[in-house]
Amino acid sequence: MAIVTEAPKAGFRLSMLIYDTRYRSITIQIVVLLLFMAGAAWLVDNTVRNLQALGKDFNFSFLWNRAGYDINQRLVEYTNDSTHGRALLIGLLNTLLVAAMGCVTATIIGVFVGVLRLSKNWLVARLMTVYVEVFRNVPVLLWILIIYAIFTEVMPAPNAFRGEAATSSMVLFDSFAFTNRYAAAPEPLFSRSLGNIDIGIFLISIDLLAIIAAITGGILVNRAIKAHATRVQEATGVRPVTWWKSLLVLFGPLLVVLFALGFHLGYPELRGFNFVGGTLISNSLMALWLALSVYTGAFIAEAVRAGILAISHGQSEAAFALGLRPGRTMNLVILPQALRVIIPPLISQYLNLTKNSSLAIAVGYLDLRGTLGGITLNQTGRELECVLLMMLIYLALSLLISAAMNVYNNSVRLKER
Amino acid sequence: MSTANAQSAAFVRREMLAEQEPPLSERGVIKWMRENLFSGPLNTLLTILGLAAVFVVINLALPWLLHSVWNANSVAECRAIIAERYGEGAHGACWAVIRERWPQFLYGFYPSSLYWRPLVAFLLLFVALAPVLFAHLPRKMLWFSMAYPAVAFWMLWGGSIWVPVMVMAGFAIGWFAYRVLLPVSGAILASIAAVLAPVIWWLFLSGAVAGALQSVLPIAIQSVSSDKFGGFVLSITIGLCGIAFSLPMGIVLALGRRSDMLLVKALSVGFIEFIRGVPLITLLFTASLLLNYFLPPGSNFDIILRVIIMVTLFSAAYIAEVIRGGLAALPRGQYEAADALGLDYWRAQRLVIMPQALKISIPGIVSSFIGLFKDTTLVIFVGLLDPLKGITDAVRASIDWKGVYWEPYIFVGAIFFAICFSMSRYSMYLENKLKRDNR
Amino acid sequence: MTKSVFLGTVAAAGLCAGFASAATLDDVKARGELNCGVTTGLVGFAAPDANGNWSGFDVDVCKAVAAAVLGDATKVKYVPTTGQTRFTALASGEIDLLARNTTWTFSRDTDLKFTFVGVNYYDGQGFMVRKDLGVTSAKELEGATVCIQTGTTTELNLADFFKTNNLSYIPVAIETNAEGEQQYLAGACDTYTTDASGLASTRAALADPENHVILPEIISKEPLGPLVRHGDDQWADIARWTLNALIAAEEYGITSANIDELAKGTENPEINRMLGNEGDLGAMVGLDAQWAYRAIKASGNFGEIFAANIGESTPIGLARGLNAQWTQGGLLYSPPFR
C-alpha cells in the first residue's frame, strides 16, 4: 500500500487519459458531463421545437388570469374571480393541511399499533397484526375509495336531520352533525374582533395572533416558573409547589384574551339544503385524511415495532429491576431509545404520505394536484408549465420535510463523545 | 429414611399425596385466558375493546356475506333474489358480477381465446425466477432466465418471433464484439464496442433482418396491441417491467452515488432525490402529457410503453437506495480484500461486491416491488384500465352492473392482498435466512 | 439478465415507434388503422363491452371516418382518454381524431390549436334533482351541494350561473360520471349537473327514474363535436365531410338499408355526387369515389346512429330535440355536396 510508485516523468500521452488512474476519473467525468449536457440540450431542443410546431409558448402568465372555478375546501379566501395562481395556493395549502393532519394521526396510530403488536395480550396482538398486514398489502387508492364510500353510503344526508321525524340528530349538545357530505362543527366567533391584517397573499386574523401570543406567553412564563422551582430545589432540596402558578399563567391570559375578544361559538344549523353557520369539514378531506393515516399508520407501526425490537432486552430487564412498571418502562426507557431507530423510516413514511396525498382527486379533494395539475391544467391547456411547476412544488415540499426531519433526527441522535 | 423418625413425629405424612390438578385458574383455557387476555386492568380493557371491534366488523359484514348471490345477470336480479330469499330489506353481496366479469378484471380486454398466453408468461416467470431465488437449482436454468424477457414479450404482445429474437441477438452481438476485441484492443475499446455494436444493430439492422427472416421462415402468433391490456395483466406487466428494467439502472445509480467522482455523484444524487421527491402520479402525467414534448417532433409511441419508461425511472431511484443500503452494509474489508487481489473497479464490483450486496438487498428489492405493484393502480389517471378503478368503472358503466360498489373493490383488494402478502412473507423468510447465513 | 431487458425494450420501442408527419391521411393509410380518442366509458357515447368492443354514438363517428379512409370500419384503435389527457393525446399525434363529446369553444379552437370539424350533438348543461326536494327551477338551488365533473366546461358554466344569479353553492368535485351518480344517489349532493344528454342517460338508468327530475334551465350551450389538430386541412376536411355525409344522408333518406340500391344511381344528383356516381368529390379530399358510401354503410346515417345508441328506444332514451334535421325543426344542417 505504502509503496506508491511515482508516475514516470515521461511526457503526457493521450492514452494516459484512459489508462492512467490519475487522469481517468477526470476523463470519465468530462465524458459524463458532455453526455449529460448533450442529453439536456437534446430534451430542451426537442421541447422548443415541439412547442413551436404546436404554436405554443412557455410562460407562466396564465397564473394571473381569472380561474373561474370554485373550490369548496379552502383555508384562505378564494372565489371563482381569483386567479389561477391563487387556486394553486389553495391547492398547496390543502395538500399541506391533509399531509400535516395525516402525519400526526398516522404517527399516533403507528406508535399505538406498534406497541400493541408486541403486547402480551393474545387477542390484541393478533388484531394489530391483521390490521398491519391488511392495510400494508393493499393499494392506498383502494383504501381512499373504500373509506370515502363508507362516508357517503353510511352517514345520513343532511335531509335526515330535518323536521320532527328526523332520523338522525346532532351530537354533543347539538353542536356537531356528521352527514354524508361533511361534518358540521361549531366555529369560533369573536364579537369584538380586532380585524385582519393583509399580508399581501392572504389575511391573517389579529384575533388568532392574539390567542397565539397569549398561549406562547403562558408557556414561556410557565417555563420560567419551572426553571425557578428547579433552582430552588437544587439550592434547598425542597421543590416549591408550582402547579397553581402554572395553571394560572397557562390559562389565565388565554381566558382574558378570549373574554376581551368576545369569544363565542357559532353553532351549525340546518337551513335550506345544508347546514350553515358552522365550520363544514368536507368528507373528502376526512376520508383522505383517515385513509392516508391508517395506511401510513400500518407502515409506521412496523417501523415502531422494529425499533422496539432493536432495543436490547437488557434495557427492559434493567428497567424492571429498578422496579418500573411495564407502562413506564415503555415510556421512559424503551421508546426514547427506540426513537433513534424509528425516526429515519418515519421520515420516509412522512414523505410517502405527502406524496400519496396527491391521490386526493379520487375523492374530489382539491389539493395541488387537483387545482394546478387538474382544473387549471385543463382549462388553460398549459400542461408543460403546470406539470413542471407541480413537480417542483412537490419536490420542494419533500426536501423541506426531509430537511426538517433530519434536523430533528440529528438532535435526538446518540451523541458520541 | 428411618421408620422410627417418621413414627415419632405424628404430623409427618407417611405416604406421598397424589398429584393434584392445578387450581382451576391455573390451567387450561382459563389460565391461558388469564395470562394472555386478562392479565391486568389495561389488558382486560384492551381485550374487551378488541372483542367489541371484532364483533362490530362481523356484525356488519357477516349478514352481507351470508346473503351472497352468485348467479344473476344484473344487479336488479341480484337484489330481487336477495329480497326473495332473505326477506325485504336484507342486504347481500352480489358476487355474480365477479362471476360474470372476472376475466375482465384479470385480463382486461385481452382476446378471450388467447387468455392462455398471459397465463403461460406468468407461470414461466416462476421458472425464470427459480434459479435466482433458490440457489440449489442447476445453474443451466439461468439461461432460460436470461431469455425470459423475450419469451414474455412474445407471449404477451405476440407477432413475429423474430422481433424478440433479434433484440436478444443484439446482446449476443455485444458479447461477441467484446470477446473478439478484447485480445486485440484492450478492455476499454472492447467495452465501448460491446455497447455500440448492439445499439447500431438494434437501430439500423435488426428490423430489416427480422423482416427478412420472417419472410423466409414465418413463425408468428396473433399479435395483440397494447390497448387490449388491462386489469391485472396490465398491473403485473407494468410492475415487472418496471422492477426488472430498473435493477440495472438502480445498480448504476447506487454506484454513482457512492462514487468518488464529484460530478457523477452529484448527478446520481440529483436524479435519485428528484424522483423520490415527486409523487408517482406527476411522473405518470409526464408520461402521458409531457413526454411528447421531450421527444423529437413526430415521434410517438404507445402509452403503456411510456408509462413503463416513467415507472422504470421511478423505481430505479428507489432500487438505487436499496442497493446503496446493501453496499453500505458490506464490511469495509470486502472492498479492501478485492483491492488487495488487484482487481480493477468493475471486476471488484462484479466478482466481490455486487454478489454480496445484491443478496443483502433482495428483501428491500422485493418490498419496493410490492410498493411499485400497488402503485400501478395509479395508471387509471392517465387513462389506462387498471384493475382497481379502470376496470371497475368500466364494469359499472354497463347498465346491468350499475350500482355494484363493494364487490369489485373487495375482489380486486383480495387479489392484491394475496400477491403482496405472499411476497412480503417471502421477503421476511429471506431476511431471516440471510441473517442466519451471515452469522 | 435485467440489463438485457432494458436495452431490449428500448430497441423494441424504436421498432414500434410510429412517426407522425404533417399529412395525417398518409399516416393513417400507412398504418392501416385510425387512432380515435374516446372517453374511458360513457354508455351510449363510447363504452367497451365485456369483450372490449367499443360502441356508442362517438364510436360510430370514428367508424365512419375509418370506413371512408381505410375502407374498413373495424380498423379503428380506440384510445380511451380522460378529460385531462384528451387534448394532449390529440396535439401530440397519439390520436388522429378526438371524438369524445368535447365542447366546441373559442379557446379550444384557437388557443389550444384544434379544428372542430362540426357538431354531432347539440347539448346544454342541466341539473338533475330528486323530486321530493320540491325544487322546480335551478334558481331555487341557493346553498345546495352540487356534484360536478372536474376538468370540463361544466365547472366554469356552473360558477358563472350561480354568480350571475347571486346564489351560493357547495361544489363537490368528482372524476367520472359513475362517481357522480354514486354521490348523487347517496344524497351526498342535492343536484348533479352535467350535459343534459348525460343527465338523461343517467336518469334513465336509475332504478327509480320517476323520482328524479331534470330542471328546465339549460345553463349553457354545449355543441359537442369531433376535432382534429390544426394545420392539416385535408384531414380536417375528411373528418368534417364524413360527418356532413352522415347528416346529409339522413336528410336525403339514405339509410344503411337502401344505400346499395341508391348507389346504383338515382334521380337526385346530390345523392349521386355523394355516393360517387357523379363528379369526383372523393378525389377532392384525397379519397376514392366510394368514401361517403362506405362511411354511411358503416353504421347508417346520422339518424340511425342516433337511434341505435342514444335514441328513444335505447336505455338512454334521448329525444332528437335540437339534434333533429333542420327540416324537422332541429339544428342539423349539412352544407351541400357540390
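Labels for the chains are A, B and C, by order of writing; each one numbers its residues from 1.
Throughout what follows, a residue touches a chain if its C-beta (ideal position, glycine included) is under 8 Å from a C-beta of that chain, and two chains touch if they have at least 3 such contacts.
Here the structure is a predicted model, which is why all the values come from computation and not from measurement.
Colleague: Please identify the chain with the largest separation between its CA centroid and the CA centroid of chain C.
Modeller: A
Colleague: Give the chain pair, either A-B or A-C, that is connected by more C-beta contacts.
Modeller: A-B
Colleague: I'd like the Å distance between the centres of chain B and chain C, where a centre is the mean of that chain's Cα atoms.
Modeller: Going by mean C-alpha positions, chain B sits 39 Å from chain C.
Colleague: Report the inter-chain centroid distance for chain A and chain C in whole angstrom, where each centroid is the mean of the CA atoms.
Modeller: Once rounded, the distance between the two centres reads 42 Å.
Colleague: Rounded to a whole Å, what is the gap between the Cα centroids of chain A and chain B?
Modeller: The computed centroid separation for chain A versus chain B comes out at 28 Å.
Colleague: Specify, in ascending order, the residues of chain B that touch 2 or more different other chains.
Modeller: 289, 292, 381, 405
Colleague: Could you list the positions in chain A whose residues touch two or more of the other chains?
Modeller: Expected reply: 149, 153, 361-362, 383.
Colleague: In chain C, which residues are in touch with two or more of the other chains?
Modeller: In chain C, 84, 88, 91, 182 touch at least two other chains.
Colleague: Considering only the defined contacts, which chain A positions touch chain C in the complex?
Modeller: 54-56, 68-72, 80, 149, 152-153, 157, 159, 180-181, 271-274, 276, 280, 282-284, 361-362, 364-366, 370, 374-375, 377-379, 381, 383
Colleague: Under the stated contact criterion, what part of chain B meets chain A in this complex?
Modeller: Chain B reaches chain A through residues 32, 35-37, 39, 42-43, 46-47, 50-51, 53-54, 188, 260-264, 267, 273-274, 276-282, 285-286, 289-290, 292-297, 370, 374-375, 377-378, 381, 388-389, 405-406, 409, 412-413, 416-417, 420-421, 424.
Colleague: Considering the complex alone, what residue numbers of chain C touch chain B?
Modeller: 1-21, 40-43, 47-52, 77-82, 84-85, 88-89, 91-94, 176-178, 181-182, 185, 205, 207, 315
Colleague: Mind listing the chain C positions that touch chain A in their complex?
Modeller: Of all residues in chain C, those touching chain A are 83-84, 87-88, 91, 107-108, 111-113, 133, 141-145, 150-152, 155-156, 158-160, 163, 169-175, 179, 182-183, 186-190, 230.
Colleague: Which stretch or stretches of chain A touch chain B in the complex?
Modeller: Listed in rising order, the residues are 18, 25, 28-29, 32-33, 36, 43, 46-47, 49-51, 53, 116, 119-124, 127, 133-134, 136-142, 145-146, 149, 153, 327, 351, 355-356, 358-359, 361-362, 369, 373, 383-384, 387-388, 390-391, 394-395, 397-399.
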